[in-house]
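Across the two complexes that follow, chain A remains constant while its partner is chain B and subsequently chain C.
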Partner chain A sequence: MSLLGFFDWLATTAGSIALHESHYAYRIVSTVHVVTLSLFVGTAAMLDLRLLGATMRSVPVSEVARRLRPWTAAGFVLMTVSGALLFYANPSPRYLNIFFRAKMAMLVLAGVNAWLFHRNVFPRAAEWDNDPVPPRRARITGGLALALWALMIVSGRMIAYDWFDCGRQPQPAIINLLEGCLTASR
Partner chain B sequence: MRRTMTFVGVALIGIFLVAAVPALAHHAFAAAFDETKPINLQGKVTKVELVNPHSWIWIDVIGKDGKVVNWGIEGGPPSNLFRNGITKASLPVGTEIKLFGYQAKSGESKGVGVFVEYLDGRKVFMGGSAPGASGPAAAPGKP
Partner chain C sequence: MSLLPFFEWCQNAELIVSMRSSLWLFPVIESLHLIGLALIGGALLIVDLRLLGFGLRHQPVSVLARDAERWLIASLVVMLPTGFLLFMSSAVKCYYLPVFWVKMATLVLALVFTFSIRRRVTMAAETGVNPLWPKVVGGVSISLWSTVAIAGRFVGFP
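And now, the complex of A and B:
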């Protein structure tokens, strides 16, 4: 079964139908998604700004990270769960949406950036914990994270404005490829 | 403790304020639809998708040349249509209806609906992003 076939099937499951036909649940889930992504990106941005040396310069980096972590983690979990539910409500239209795909790409890149930070940069933070402006590699990860989360939010908002809907043919082949328009009928 | 309570209180008020903003504006009218291209269709219902974030009513319209074109018309979320009286049962496939709205900017046979009119003259507003779609009382006129 193709991925698209799987998503088409997913939309026929009871939970997906309940969500996309719901009168209230979908609105509540999308509201939770927006509020919790604000919590997640908001608190992550504070750490990133500290890494850039732009805020709380007299507070040790480890202290900023330690205090923000529970909020960032809670925001991330709730954002991810509510986001997964929104995808579950309309799987195939999201899968065939260029901005959704861009958003997932940003999520992966931001994840790799965070992983590299925790693997290579943060373990040696003791060396520059009190520096008002951390070293270059820390500033780069902080700046990258800020940019990637911002791009992810923009792509997410753009999902509602699919300029390249598969029904809108003819379109350049590259657009059809990126959008996943496999046949003329999709 | 008191400061914590104040913080929690302010946070809760904030969340309720955000939640109170009607979560209808998935996308704006002007981004996808063209105010200068009003559409006035009549045809038989082929599919009714009462789904979030936008519902779609599909009708087969017979053109002047005799060719059948399937038009997709977007409405508000299911709760809005339900409130205005559109349910799966009220629009069975094959029902002949008129649809008023605005065509998509892309020129596809898609649009956003203002209201559905049954052949007996009953009008049901589609509660979406189109001007006037919330009902006659809320019609804002030309922006």
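And now, the complex of A and C:
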């Protein structure tokens, strides 16, 4: 079964239909997803700003990272669960949405960035833990993360405005490819 | 005096009408408003969590508050103008929407509280303060700003 076939099937399940058709449940999930921005991206951004030397310069980087981690993690769980539910309510239209795809791609990039930080940069933080402005490698990680969060927020908001919906033909082939549209040529 | 004529004027202002004719301009303004939401969340929570005894609890509140204030103000500089433009684009709908008035009332309360009581408590030296005070201030701050954010999301629903 293709992914699209699977998502078409997912849309026929009782839970997906219930969430899609509900008035309050969908709105509550959507509200949780948006308001959690301030917990998840908010606390993550504070660590990234510390890595740039732009805030809490007198606090050791490792302390900021350690103390904020549970809050960022809790935000991530809320974000992911509510985001998965929003997807579950409209599987195929989200899958066939250029902005959703861009957002998922940036989520993977942000994950790789965080993984590289914890593997290569953070283990040697002891050498520069108290520096008001951390070394270049750490600043690059922080700056990259901030840029990715901002772009993810923008593409997340744009999901609601699908200007490239597959129903709007003719569209350039590149758009149809990125959007995942099934066209006569494929 | 009714505010309705003012709200109607907002929605029909030439600037807003021409901005609305753009396909992507308001989505971009909404996105900026959301980036501001993330930033203001971080700037507030760093201090509020500390007041409640969580997060960076080995750092003095006053140090965190001073550092966070710059980002708090930066996020307000993003949120208030973008929010006002978003309001102008659908001012008449807002006028008849109770949740919009909830958001505005809570926003005014939250701003006044943050820059008066909360600021005084967080910037003060920590000695000699009743230990209950910081917890109350942190809790009130989180409650007020969460209400603003949640009501804000509900203003946006069709």
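The rule is short, and it goes like this: the second predicted complex is superposed on the first by the 183 of 186 C-alpha atoms of A that agree within 3 Å, B and C clash if a C-alpha of one lies under 4 Å from a C-alpha of the other, contacts with A are read in each partner's own complex, and residues count from 1 in each chain.
In the analysis below, a residue touches a chain if its C-beta (ideal position, glycine included) is under 8 Å from a C-beta of that chain, and two chains touch if they have at least 3 such contacts.
The structure displayed is predicted, hence computed values, not measured ones.
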| item | value |
| --- | --- |
| Room on chain A for both chain B and chain C (clash or fit) | clash |
| First (chain B), second (chain C), both or neither touched by A:22 | first |
| Partner, of chain C and chain B, that touches more residues belonging to chain A | C |
| Chain B versus chain C as contact partner of A:161, first or second or both or neither | both |
| Contacts of A:56 with chain B and chain C, given as first, second, both or neither | second |
| Partner chain(s) touched by A:46 [first = chain B, second = chain C, both, neither] | second |
| Chain B versus chain C as contact partner of A:90, first or second or both or neither | first |
| Chain B versus chain C as contact partner of A:34, first or second or both or neither | both |
| Shared chain A surface residues [contacts with chain B and with chain C] | 27, 30-31, 34-35, 160-161 |
| Chain C to chain A touching residues, read off their complex | 23-24, 27-28, 30-31, 34-35, 37-46, 49, 54-59, 63-64, 67-68, 70-71, 145-146, 149-150, 153-154, 157 |
| Residues of chain B defined as touching chain A within the complex | 15, 18-19, 23, 26-27, 31-32, 50-53, 77-79, 82, 106, 108, 110 |
| Contact footprint of chain B on chain A as seen in their complex | 19-24, 26-28, 30-31, 34-35, 89-90, 160-161, 165, 167-168 |
| Chain A to chain C touching residues, read off their complex | 27, 30-31, 34-35, 37-46, 49, 55-59, 63-64, 67-68, 71, 149-150, 153-154, 156-158, 160-161, 163 |
